[in-house]
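Before anything else, here's the structure in question.
The chains carry the letters A, B and C, assigned in the order they are written, with residues numbered from 1 in each.
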């Protein structure tokens, strides 16, 4: 696979690992946050932690749009769709996320018409092909995904497809990073920046992290060599006492972002004054809602949303794990009441949530795995 | 023998889809409800087929039901899966399938031509596999049930001599053999459903693996410790079951695992792991290290076995788990699948 | 939000020019080019695909530059050791050194 395999070349990965080990000052303990759930997933999938020295620690950030979605919003979405002749469409990521009465797949088993779609355009196509039904697309994602939802709404309006609506749960990444940095228990040295969000918003939105918080940010791709090279670049900055925003993912990310994508978003969305993030509480100006000019295609304007609020059990320490203050295994419910099969909290729900990723890939790995992993 | 005192350990209040998916939830149902009541206090490890002694002759017996949407797909159909699936379950337990009986549960309103096409496909598959269809049963249910048709096949077979399959016989240093590329069937079905709007030149790999199993047994039956056909849940689920049953660790070499380009492309696009995708024409064999080379050679010399390869080995760690390792030294645990593999965008 | 894969544009839909067929090692899908309308890609271009939309054109030259940088990891370090021997420490911190760039 072009533009993929080259960035998985084993010899180069070995070299990058060596460079990291050389650059890491043995007298320092580096805490680097990778913001995006996709990076969390890649780090586990490629076993990249095995290549890092013990004093370079990767902390998983809040960039998992499924994890930060409050349970009440899932209940809202499912109850909206529980009408006759309704089709509930969502990405695969949402299908096992439990609301208080079950997950979308469980609702499907009970008779609701639930469809997995790969693209919001496919949800619109369902509406086009099923004129006697109403298709409600449960939209999630950060700025990587929001432009696609926006463009789909533009196309729905142009086509006059009124049997289509979007239940919008898009959130924005910068307020989440701010919430992390504002947390008093948090000590971070730098950030691996979200490469795909940045294809839309560019690299400028991270300037304040470098200038005001004095932490380096390297916008990173998702292949093993991308992530390792980004860590190399961060360590170099840290050694020189620098704090800049750098773009490692140049083959894809334009410094200024994607103007057409930002225009589509501005046309269709506006910022909600505040939105509840599971584990982080209410954050202002952190989520998108559909403008009145697109009200016909906004499930919240068109239908009555119950506005269900569900509080997570007190024992679930999702907030602290989300902020990187606690490791997943340090949460009292981890691996006992809370597992990927029966998730209690947000971070166990999505396969890229810190707790689920740790549970699936790491916590059973014995320390002697080094022997097992030798070839 | 089940007694009044036999306790059911399955506590879930109702049956969910995950209980039929072949992963952890299925295992809980089988081990917690079926096993205590059907098999009593000491059931032993559950394999693909049961071995039954009748007057000193050992016979293998297995059953499987097929619930597939769509009924027809590139490379096959529900009927072929039903025949090959049962032939393969018998094969990987070390038996040659001799006879199969078929049960149809048909939805009222099913066009006859569809049923006829399936029956033809099954007759062809049975002939190709050298197994006799000995009889069967038919039920018809109301329109709206059975997704067109459900097919169950039950097969009996004669155990091949010179081979004894058991997770307990697996030893440190044993090699893991895989008969060919993985993921073809599951991805073909996913694409055939049409919801994802992906096209690829891909077909189900459904076929009888008996000729390959026979080649292994003829070459060095004593060197074959364990076999399984990695259907629902994929290679990862089958190997995790073995790891749990024998308490040892299975270490896989990622670059050795054969995956076709288009399966790989679909998996990358959809965020799926080929190790979790169903296969209908492949099998895994754990073999002694001294015989591994000759057994691999035997597969290569058999039609359909040309792509067989060693994908890993049995080690002490990680105990009861499966680890995938890479050339550059990274590794990750891979677990059993829970439910069906779902595409993701994150 | 982050799963995005490189694919090659093989055809533009004649009826809906905002749609293109993209190929990923033999898997094909219609992809919406609307987010790249300011500089629409053409058949032969590589784009990054996320949820059925093209997010960005992939730059072959940047990819090649990156591979070069990565290949020189370790080698540049060895060369830097040599350069340090010449007493040019400041320059040695640049990576790759400015004077090497074409």
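Worth pointing out:
By definition in this document, contacts are C-beta pairs under 8 Å (C-beta built on N, C-alpha and C of every residue); 3 or more make two chains touch, one makes a residue touch a chain.
Treat the numbers as computed from the prediction; the structure is a model and nothing was measured.
Central chain assignment: A. Criterion: smallest distance from chain C-alpha mean to the mean of all protein C-alpha atoms. Between the chain pairs B-C and A-C, more C-beta pairs are in contact across A-C.
Centroids built from CA atoms put chain B at 34 Å from chain A. Distance from the chain B centre to the chain C centre is 40 Å, each centre being the mean of its Cα atoms. The distance from the centre of chain A to the centre of chain C, each centre being the mean of the chain's C-alpha atoms, comes to 23 Å.
Touching of two or more other chains is recorded for residues 1, 4, 37-38, 41, 65, 91, 118-119, 122, 141, 145 of chain A. For chain C, residues touching at least two other chains, in rising order: 1-3, 5, 24-25, 50-52. For chain B, residues touching at least two other chains, in rising order: 196-198, 261, 264-265, 268-269, 271, 344-346.
The touching residues of chain A, counted against chain B in their complex, run 1, 4, 10-11, 13-14, 17, 37-38, 41, 44-48, 50-51, 64-66, 91-93, 95-96, 105-106, 109, 115-119, 122, 125, 141, 145, 224, 340-341, 350-352, 360-362, 364-366, 368-369, 371-373, 375. Contact residues on chain C toward chain A in their complex (touch as defined above): 1-6, 8, 24-25, 32, 34-38, 46, 48, 50-53, 55-56, 58-60, 62-63, 65-67, 69-71, 73-74, 77, 93, 95. Taken in their complex, chain C has these residues touching chain B: 1-3, 5, 24-30, 49-52. Residues of chain A that touch chain C in their complex: 1-4, 6, 12, 15-16, 18-19, 22, 36-39, 41, 63, 65, 91, 118-122, 140-145, 147-148, 151, 154-155, 194-197, 199-200, 222, 225, 229, 232, 236, 240, 250-254, 258-261, 264. Residues of chain B touching chain A in their complex: 16-17, 24-25, 195-198, 249, 251, 253, 261, 264-265, 268-271, 315-319, 321, 323, 325-333, 335, 338-339, 342-346.
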